[in-house]
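Okay, got some structures for you below.
Both complexes below contain chain A, partnered by chain B and then by chain C.
Moving on to the complex of A and B:
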């Protein structure tokens, strides 16, 4: 299992996912710095979001730990950057790959689910005034998720 | 500033290089994507475990038709009782060893590096160059393992000429068919005894074609891979070969017998005369033989799961001792130790064709424990070495009953030492009021430190008790 992080890195390097980058930390191959481009036709379009990803010792038996570092206005992502996503919690399967997890997160940006919220205030806003919430999300994207 | 910056840049480059070096040793299906046969990416992918992403080791098949490493899936099923791929309910008892996949993977692994080299672009002509049959990577060549087909018209092996190759190839196909007919028409020929030291008949020796004759020899025996005059091959040799007279391995199963050959003399003429530029071949028979012999000599019992709720502490210790395992640590640790050893044991003795002995299993267990099963006892042992006999009091460390003041009084001197040290490091700015915080912090740090450190050396990281145990063994 020790070579698993290396295997993952090699996979990410040799077969990158469009719109997503993941770079291992120099000193800790289990820690990745990730960027995800906001999906097109979503309020997060044109934004580049930074995340951190950590492979626990028990990976892949246990899900990777992923967190947004960039501030984001999203009903399923709270202010600490924690993500409410089934495949990271109860629906984790060791057959999933890092790439599929990151793609799922990108898909979550494309389709926010305010009915299963993590950030309650955002979700409420989203349900009551969707257009306003989307505008806020767009503004936050412009302000915090600037591409370098 | 500048030299420092230069230095750190150098360090970065160094690190990057080191990582790249490390990555080179890791195989990935995409290694094939730049070869002449990028379709191999898929084949390579299929031979990998979906859990560890490495080539499947000791494969087991689930009732839902999915294959994983024995150890990987057993480990997962200890947590969740479902198939990682289709999420259908699954229990460990449903798993079945899959020796054929095991040997397919083993065989592929053994030729993989060579195959990649062989399929490097520029090393052989594209498919349509030359004749219709002789393109690089056509299935016939892979099946026959004849490297000349790929390297013809190249600088290598100029002495091979195309005509002969075509003839021999079409003959190969004919012979193959005939061989099949032979096989299926004579089922009695399938049950042969293996001869360990093959007796080479003199006629065979005379008829094995050396280099020059190989061109005229036209036909290769599909069973032993040697070249013969076609007539002789059809009339005499095939029967001999199948009957094991020529020192061949008898096959017990029809699927295996076509490919079963003599391990000692395998492909000798071929390697000598035809594949000079190639790296020496590994013993390509070992996987076939191992597959055919799988199921024999498997006298090991499944290690049972234990019902821990009905097991007293001493009974549990006895179970561990019977397996020569350490009995240190908490009950929970002993349980996970047994659980992991049970997985190691069963995946080794039930599903693997590369058996290791119990000592090796115990070594693997110890190395697993160093990273996965250390939290409780390590913290404790660290604390107890730090605090002497005061461990009992620490039980309540994290709840309200913990007597902070008493503790502080008792360890006044140690705290003072720590404060001194901290003061010398942090300078005079620090206020006395936060010293108490400091000491708590440093205390916690020293407790957590060994946990967060993933150490490669297993022996060092073992809890003290279990290390002693290991030495006893």
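Moving on to the complex of A and C:
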């Protein structure tokens, strides 16, 4: 099993995705530090979000574990950075790769879904006062997701 | 399943007949080699088939009722037997692959029915477990390919020191009885846990030892062949076979390892998948339908009959009831129920090209799940229905226990008269209809139920104590 992460890293490096980086940790090749740029024309534009990604022993039969480290105002991401995304849970398939997962997360930033919320207060805000919620998301992005 | 060995015997006869008359390698070989090969092949087949028959009868003898609770010893025996089936043996070769997977996976991931899978591989209905390459360079010369394949072990090296079994005393593996290793100062429950831990650590070490023994046999045979031992020749793959296997390989899209063609193909969208990945794809464990997940009701409070387990879906296109088909390469038919792997000759260089072409032309459309050529995820885990039922029963027991505890608590506190609204959620819906009963009736019914349960439990524990004594 030890050889598995090595091949995955190679795949990531040889096939990089614009706006997304994933670096394996020196001590633990199953642990990645990830950054995702906020998609253009979304409230997260110009922000750089840090995430952590962990490949469990059962990967790829089990989904990788991903969590936002940067604070973000989003109806499908809660205060602890946990993400409500089908491909990370019931719709995971072993044919999906790290890059597809990260692309899905980027897509989730582009299109928040307040009707299937994880952060209930944010979702409520989003439904009742979308403009205000987007403004808050924009402000949080400016405050917490500063590019280095 | 019981008829598998019989069917195989029949096919064995048909196949060995055919391989004599049609295989051109046979004609080219001297008569003595042919007889030697035939003998060896039949004894090999005999071992595998006998092994299967034997294990079949063993299985039937002990578990005619799959719902009967097995003793710890029985469970351990079955687990060990399964682990033994996962050892890769060089002389269990089918078309250049093997009957057990290469990778180091925990037994929980390889919990498929090993006898079913071996049977399917021997029947050429599922690709054998080929030894994977980390990488393949199309620039490699014939010599280099042979060298790379020769350097492959039969099985990925096991990690000797795992965190999981660190510090677990395993005693002597030769000694079957390890009761003395269990900490007797612990509670019964803890002792049982301790036993399981020791058993698993011992089994892990045993797996390493068993595989190590096969590796040594393989190495010995290699050395013998190299030093010109004629008796050994033929059992190992010929260089031609190594080249034929690996020069036209492909990458499994799931594990990214490089395998010989042809691969298994998903029945729905015709995507390749190696056998090692295929055997790990299974139904999700029994769970409640997902749309109910958000409600705050505890699992114990739901109707156990609502537990479901959907068939695995295709990892590529999400079509339910995942299955694969496999077109075995006729011109590379060696090993079990076929000529020895060492006799394979690449006669015409264009041969593998030919096979490649027919393979890509012969792409068929998708195949329904019940097609006889399809091997479904459920085919290799035929026990899924039993497992689901067991989980339902377990949950029903747990919820009944919770009810009993709940009722006894109320009996202690007589001020608790109005129970109907409170308990209705914790009772399986099918058993009680609390709204139509007065609180008193309900209470009586629950007490009866609790008594029945405790009696049943007593009987159960008595039985297991008896079987432990034996």
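The rule we apply is simple: the second predicted complex is superposed on the first by the 147 of 148 C-alpha atoms of A that agree within 3 Å, B and C clash if a C-alpha of one lies under 4 Å from a C-alpha of the other, contacts with A are read in each partner's own complex, and residues count from 1 in each chain.
As a convention for this text, a residue touches a chain if its C-beta (ideal position, glycine included) is under 8 Å from a C-beta of that chain, and two chains touch if they have at least 3 such contacts.
Note that the structure is predicted; figures quoted are calculated from it, not measured.
In the overlay built on the shared chain, the residue A:24 is in contact with chain B alone; chain C does not reach it. When the two complexes are overlaid on their common chain A, residue A:111 makes contact with neither chain B nor chain C.
Once chain A of one complex is fitted onto chain A of the other, the partner contacts of A:93 extend to both chain B and chain C. Within the superposed three-chain arrangement, the count of touched residues of chain A is higher for B, of the candidates chain B and chain C. Once the two complexes are overlaid on the shared chain, A:148 sits clear of chain B and of chain C alike. In the superposed model, A:41 makes contact with neither chain B nor chain C.
Legend: residue contacts after superposition of the two complexes on their common chain; A:8 is shown touching both chain B and chain C.
Residue overlap on chain A between its contacts with chain B in one complex and with chain C in the other: 1-4, 7-8, 11, 57-58, 60-61, 93-95.
For chain B in complex with chain A, the residues that touch the partner chain are 12, 15-16, 19, 22-23, 26, 28, 30, 33, 50-54, 72, 75-76, 79, 84-85, 87, 371-372, 454, 456. Only residues 1-4, 7-8, 11, 57-58, 60-61, 90-91, 93-95 of chain A touch chain C when the two sit together in their complex.
Across the interface of their complex, chain A is touched by residues 103-106, 109, 134, 156, 159, 253-257, 271, 277, 280-281, 284, 290, 313, 315-316, 318 of chain C. Contact residues on chain A toward chain B in their complex (touch as defined above): 1-4, 6-11, 13-15, 24, 26, 29, 57-58, 60-61, 93-95, 97.
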